[in-house]
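Can you keep this structure in mind? I'll have questions shortly.
By letter and in written order, the chains are A, B, C, D, E and F; residue numbering begins at 1 in each of them.
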């Protein structure tokens, strides 16, 4: 089963969740050790700039997902 | 009720507010503790570079919202 | 009166000014205290990297404004 | 054989892998020494912000790959 | 005379020069003092990361200029 | 002879090389001294985050080049 079978989602909110998943996947592929990632998460979840940087990655991925879904506009 | 039912807004200003909401949501999903986020906010709201970084995330999300609304151009 | 009634501007230069306004608005909404912002401004206006970061946000917002105006191409 | 013969991929997941490859290639072209890159990798794989920055580059490249594949939408 | 009368340029190279001009203008509007900017320039022109950041802003503005010129494709 | 006569390239790989060239040109225009750039290069080629930042600029320029080439899709 692919972790990214499609960029299509039913709603914008699900699209946003997918963007978060995509943002985390690049991290996971670079640092596959769950324990280390968990420790790092504790660090950056308590640092304002780290959280802002993470939000920027999500925003970039969400652009892609939103385009793939034609912005969820009913035609 | 979804926090992001649609990317459509009536005006550019409302679209900008939505972009801010989207930018904060990624932070909230990574750091769900309201008290910690509130403390972090006090930090970055007094740091020029932190504020610029936050504005960059909003700009990225606003691109998506503006496209979804066809830039609010009357047809 | 909305601070962002439209993304349309008569000229590219006015569009660039609007992009600056948009970039500052996210900062203002996060740090509404005029005095604190004024103090922070003194800091980042004297730091090369801070100015570059600010210019990046303007560039991102200008992309949106330029698209909304179809790049001010006469049709 | 080109390392980038095409931006076309069969699936979104393969497209994401290509985006990772593209992100690493710029690094490799700047620092061609395998040993040094391997050492640097150990550094940034244990730093939360470094991983977030890397994920941002992947997200930017994935935008390009996704567009090249028309978001893998079946027509 | 406007500093940005149009996004149209005759060639890609002129478009790149315009992108550099646009990137510097945001800095100038934030720090209008020529002497201070000149001093800051000496700093960041000798710092690798500062130069990379500046190049990123130019890349972002060049995207806009290139789109405005339909990538200088002869039709 | 222009350093950027066209954004058109025969292949994606050549397009990626062009994106690298464009990324370096902004640096060169800000710091024209070859010796200083060479020294700075030694610094950032041994720093993981510096390399990631450089890769981000390449990714941004590659978006532009890929669009100019319609993603090298055979029609």
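Keep in mind that, in the parts below, a contact is a pair of C-beta atoms (placed from the backbone, for glycine too) under 8 Å apart; a residue touches a chain by one contact, two chains touch by 3 or more.
None of these values were measured; they are calculated from a predicted model.
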item	value
Where subunit C and subunit D overlap in contact partners, by chain label	none
Chain of greatest Cα-centre distance to subunit D	C
Angle of rotation relating subunit E to subunit F [CA atoms, steps of 5 degrees]	60
Centroid spacing, where centroids are CA-atom means, of subunit D and subunit F in whole angstrom	15
Whole-Å gap separating subunit A and subunit E, where each centre is the average of the chain's CA atoms	31
For subunit F, residues that touch 2 or more chains besides their own	44, 47, 49, 53-54, 56, 60, 63, 67
Sequence of chains encountered when the ring is traversed from subunit A in the direction of subunit B	A, B, C, E, F, D
Interfacial residue positions of subunit D with respect to subunit A in the complex	11-13, 16, 20, 44-49, 51-56, 58-60, 62-63, 66-67, 71-73
Contact set on subunit D toward subunit F in their complex	2-8, 22-27, 29-31, 36, 40-41, 43-44, 47, 49-50, 53-54, 56-57, 60-61, 63-64, 67-68
